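Each chain carries a letter (A, B, C and D) given by its place in the written order, and its residues are counted from 1.
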Amino acid sequence: MTQNIAILGASGYTGAELIRLIATHPSMQIKALSGERKAGQSMASVFPHLRHLDLPDLVKIDEIDFTDIDLAFCALPHKTSQEVITNLPRDLKIVDLSADFRLRDPEAYAKWYGNAHSAVEIQREAVYGLTEFYRDEIAGARLVAGTGCNAATGQFMLRPLISAGVIGLDDIILDLKCAVSGAGRSLKENLLHAELSEGTNAYAVGGTHRHLGEFDQEFSALAGRAVRIQFTPHLIPANRGILATGYVSGDAQVIHDTLVKQYADEPFIEVLPFGETPSTHHVRGSNFCHIGVTGDRIEGRAIVVAALDNLTKGSSGQALQNANLMLDLPEAAGLMLAPCFP
Amino acid sequence: MTQNIAILGASGYTGAELIRLIATHPSMQIKALSGERKAGQSMASVFPHLRHLDLPDLVKIDEIDFTDIDLAFCALPHKTSQEVITNLPRDLKIVDLSADFRLRDPEAYAKWYGNAHSAVEIQREAVYGLTEFYRDEIAGARLVAGTGCNAATGQFMLRPLISAGVIGLDDIILDLKCAVSGAGRSLKENLLHAELSEGTNAYAVGGTHRHLGEFDQEFSALAGRAVRIQFTPHLIPANRGILATGYVSGDAQVIHDTLVKQYADEPFIEVLPFGETPSTHHVRGSNFCHIGVTGDRIEGRAIVVAALDNLTKGSSGQALQNANLMLDLPEAAGLMLAPCFP
Amino acid sequence: MTQNIAILGASGYTGAELIRLIATHPSMQIKALSGERKAGQSMASVFPHLRHLDLPDLVKIDEIDFTDIDLAFCALPHKTSQEVITNLPRDLKIVDLSADFRLRDPEAYAKWYGNAHSAVEIQREAVYGLTEFYRDEIAGARLVAGTGCNAATGQFMLRPLISAGVIGLDDIILDLKCAVSGAGRSLKENLLHAELSEGTNAYAVGGTHRHLGEFDQEFSALAGRAVRIQFTPHLIPANRGILATGYVSGDAQVIHDTLVKQYADEPFIEVLPFGETPSTHHVRGSNFCHIGVTGDRIEGRAIVVAALDNLTKGSSGQALQNANLMLDLPEAAGLMLAPCFP
Amino acid sequence: MTQNIAILGASGYTGAELIRLIATHPSMQIKALSGERKAGQSMASVFPHLRHLDLPDLVKIDEIDFTDIDLAFCALPHKTSQEVITNLPRDLKIVDLSADFRLRDPEAYAKWYGNAHSAVEIQREAVYGLTEFYRDEIAGARLVAGTGCNAATGQFMLRPLISAGVIGLDDIILDLKCAVSGAGRSLKENLLHAELSEGTNAYAVGGTHRHLGEFDQEFSALAGRAVRIQFTPHLIPANRGILATGYVSGDAQVIHDTLVKQYADEPFIEVLPFGETPSTHHVRGSNFCHIGVTGDRIEGRAIVVAALDNLTKGSSGQALQNANLMLDLPEAAGLMLAPCFP
């Protein structure tokens, strides 16, 4: 049976990525696409790479009849998202790709995002969307909150290690290299080709990146005590991909074993042979996450590296994976595209 | 019924692209992969982006049992390809991606490739693999010769115009902008990132590029007289994509009408609205070709621009499209992936 | 004797490039920098790559005392430029980098730029700033109009050939590959890294690019009759550089001889040996222009390719070269930086 | 008085960079250039971006008459370098850019480079070439060993902090992002544009990178005890630039003060205002190193980030700076080029 899908905020990169993936999904049909500023335009004009698809034109959200919509992806900016979702039918299944429902504690939300949450009731029913760790809750959820793309990458690497107690909790460092599409289709000087290509820089240095809210929430819950990691993202001249380099204390071989065991049956998480390291080149355009573990020359120190595509496994692919669960479809439907290399 | 597939020369980019596409093909299974120098290695080590797939290891060609192979893709260098194919079973269906069987005239082959053809008998049965124009012959062929990627781009633009007689034949100029994967995975100084990124240059200037042999053969056959075009390729700092800018004499509106009519029912060729121009960004990783037509300020002159992905529609996607026809499968099977943007 | 310099519009790329060049100039000192929207900011905050220099902060133009300024570079947007220059002291030497004073005919200006010229009197005294062809006039000028970067590239290639009468005038085609800094530091979607990297497209197709006004003016004057060329620019994923591929009728060897002779004594124009082709990689960050000539396989057809850095020889380097002449300084002062490769 | 210069190994990137810099040096003249495999070729054919310079052709080293050479830059591969230098005149001043004379302990050399050192006598007289910290020794040296580019970046950040005792010595982590020219002009698959652009990966993970030998030697000497840092380099899709992100324990403000004080009078080291972070974009093509310090949200933890151009300050610029000292020339001669941005 075909499921009817709406995508709110379809004029951004995560919206386009959802459409790209759903285009090969055997049992989803896109019924409505919204884009407030570009309402009235065809998707072929907004995203010419989708011109071969038979897609509805962009409309404003309040023009959409949600009666026959089975699930809506909400790819709107944070803050806008909570306002919009508040006004959607209360029985509509929703996968939200914004930051609005990721943090369970409204105070944490206010601290990291600078404004009080306006839909605290709804937030209570939201399930955190890291599929591999919340699968059952997601399958039964009405509202799933997609994770941050950096937050997903770090958690794939660190959650099993924290849970298993095989690494120290007080000296975890995550150094991320992030492609530019994570910043969205926004007109900022530092996102121009002339400013970004051929170089790199750190940003949100010193523990100010909002995805730390997710790390704090999730890692502390796993450890049963407060866990605070160091996390520095860097902008690299690429369009897709996050490479997370994790510096941890622990036995590298035990760490590797823990990850291998954790992900043995996961379709999308590949743990490389011990001593090999992943590359964002090898996950581009796909829903896969590659993880590698190496021991350091310093006894008791290990380096764990994870790579995924921020738009796919880090965002829209994760969202589709969750939607499949919520609609009782095969979890990997529409998601087995091989990476696009070179 | 599943078709058993072999890929000879699977350690290069076109081989990897075939695997990427076949990975989502509903009725093909890869049974053998060859790579002479990398025989014995797993595909995960040669192309880590394919590590999630259950693929046979690379072997030498003479280790392959072709008994149960339904079709072989031959992604070997030219000259090697004719030698290998000569020794394959004479009833094996083959799609060759090399240049060896593109030119029907052995003298033309010798002129453009610098060596006599060693398999003239086999060449006689080869069908030129430009799907949209040789569909029926391909469906019945045993051996299909994939076109050059530049040659495909230029022909999608120009064949209908030459056939319809709507452009002048003696002043056609094709200026191509080509991504680097067209040069293959070869270790040459000018293909290094440090030499290629952030700049561009022309190459094979003055009518020396080998794909001219195909243009000469095909366009002359269509026109019923010798046609010689000017063709200058340029290397641009990108991994996938060819943009062909064609300068022709003729009425731009008639040219547009001719192309629209020609490709009205084609699943992979998109003619843009008059006055719009395509971008390689919008076909990346897909089997689509976008074509745009614009009139020049100079009366009677038009600019036609075509864009495709050299590894997909220009090579491996075309090959799979042809294989589908040869195996009586739906022509678009495995090929409806949307472009990967951004 | 040190010359005092002001740069109006110093927060854009051509302004920054002027500062980079002047930083090593033995007899110029930067006394004032303007930037209306960023007035009050230090150059270190606007362009951190210039932080080692002792530069004045950005101010608004009307805060500048021009009394002791010997020459002002005006790197403002067109239309703004004519308004500003109208109000500058009438004896101040000015090199304008905008489009406002390039076209001698006010009607041509209105046609290409869409608004009437508001400073027709001043335009009359402007000298067209293509140094190698207007050297004497520039040396005596008060106001020099820097050329368009595409217009400079095309003229270096074609002027000597038109003057010498060695090419046909009615079938000249210029296909340009342009780096993105030519579009300035402007916030447009198509200039984002995610939209531009890894692909290419044509723009201003069909004879609509404004630099055609310069080609028409200059080539017609040289030929003594109307000359209209075809010109298609393409955006390539690079930050600096223009590669112009010219398709002309004529004897390639004669064309080469003509260019060699023309530029024999020029410090910045290098004509390559016959049959070699230039690359934008090899002029990046420098004031050099490389030109190559090749004969086509079609008798009587030649391909001429020119490469320069749009920000240097195409804009700010040219401007400094002209300023040197106007101030009676050595023409190459501050301009002999070797290209930055790789 | 003009100093006569030879460059051995002039066909690689560091050789070309030396020529680029020396081209604007007021008192150096290049008298000889060697390149064993490309002997007999002109520099214009090996590096077309240098074609405007009047340079000697490449010769084999044994063809060079060193009688009138004042100083030789040796830009050869390690191991080759020690063999060549052994046979050079014993009074010839030499700046070696290879790894051969960086490590004072022959056993350390053997450990990191896998072969016994064959010129131990000569090594004894070598001075480590980190200009800002060995200035006096360099001025009096006959042989200076240029540092590793990564080693330079890390030391600019960490030396003053270790010397001043303001950071912990047992938990220093350096995460580097390195442009590809650091790997030289070598034909390796992972350096191809198609393999490198649009992605990133770690390499030499786990404490295996050879530059650790330099860190160990220098930091231990400064601390008066063994210091072992963790160091992971990453390859990013850019041609020039190293960004080093350092994670240290200590008071961020004290760290900043220490660096500001250390570098107050240095012409090439810029310490940014507290809380700002550098970018490789802003040092490209220049001899500058930018360093920024930020406090982490975790009390007592700081992030220090340093950026430089590996070919300039990390290699050839450093070499020229040292040569200036050895020849009693102004230290910054030929080195004040502003970065090339964008």
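Operating definition for what follows: contacts are C-beta pairs under 8 Å (C-beta built on N, C-alpha and C of every residue); 3 or more make two chains touch, one makes a residue touch a chain.
Just so it is clear, the model here is predicted, and its values are computed rather than measured.
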Intersection of the contact lists for chain A and chain D: B, C
Interface composition of copies chain B and chain D: same or different, split at half: same
Which of B-C and A-C has more C-beta pairs touching across its chains: B-C
Distance from the mean Cα position of chain B to that of chain A, given in whole angstrom: 36
Inter-chain centre distance, chain A versus chain C - centres from mean C-alpha coordinates, in Å: 45
Computed distance of Cα centres, chain C from chain B, in Å: 39
Residue list for chain A, restricted to those that touch at least two other chains: 13, 181, 194-198, 237-240, 278-279, 281-282, 284, 342
Residues on chain D engaged by chain C in the complex (per definition of touch): 13, 16, 19-20, 23-24, 47-53, 181, 197-198, 239-240, 267-268, 270, 272, 278-279, 281-286, 288, 290, 336-342
Chain D - residues contacting chain B, complex: 13, 180-181, 185, 187-189, 191-198, 237-239
Residue ranges of chain B in contact with chain C within the complex: 171, 173, 175, 177, 194-203, 205-208, 212, 228, 230, 232, 234, 236-241, 243, 245, 247, 275, 277-282, 284, 292, 294-298, 301, 303, 305, 307, 342
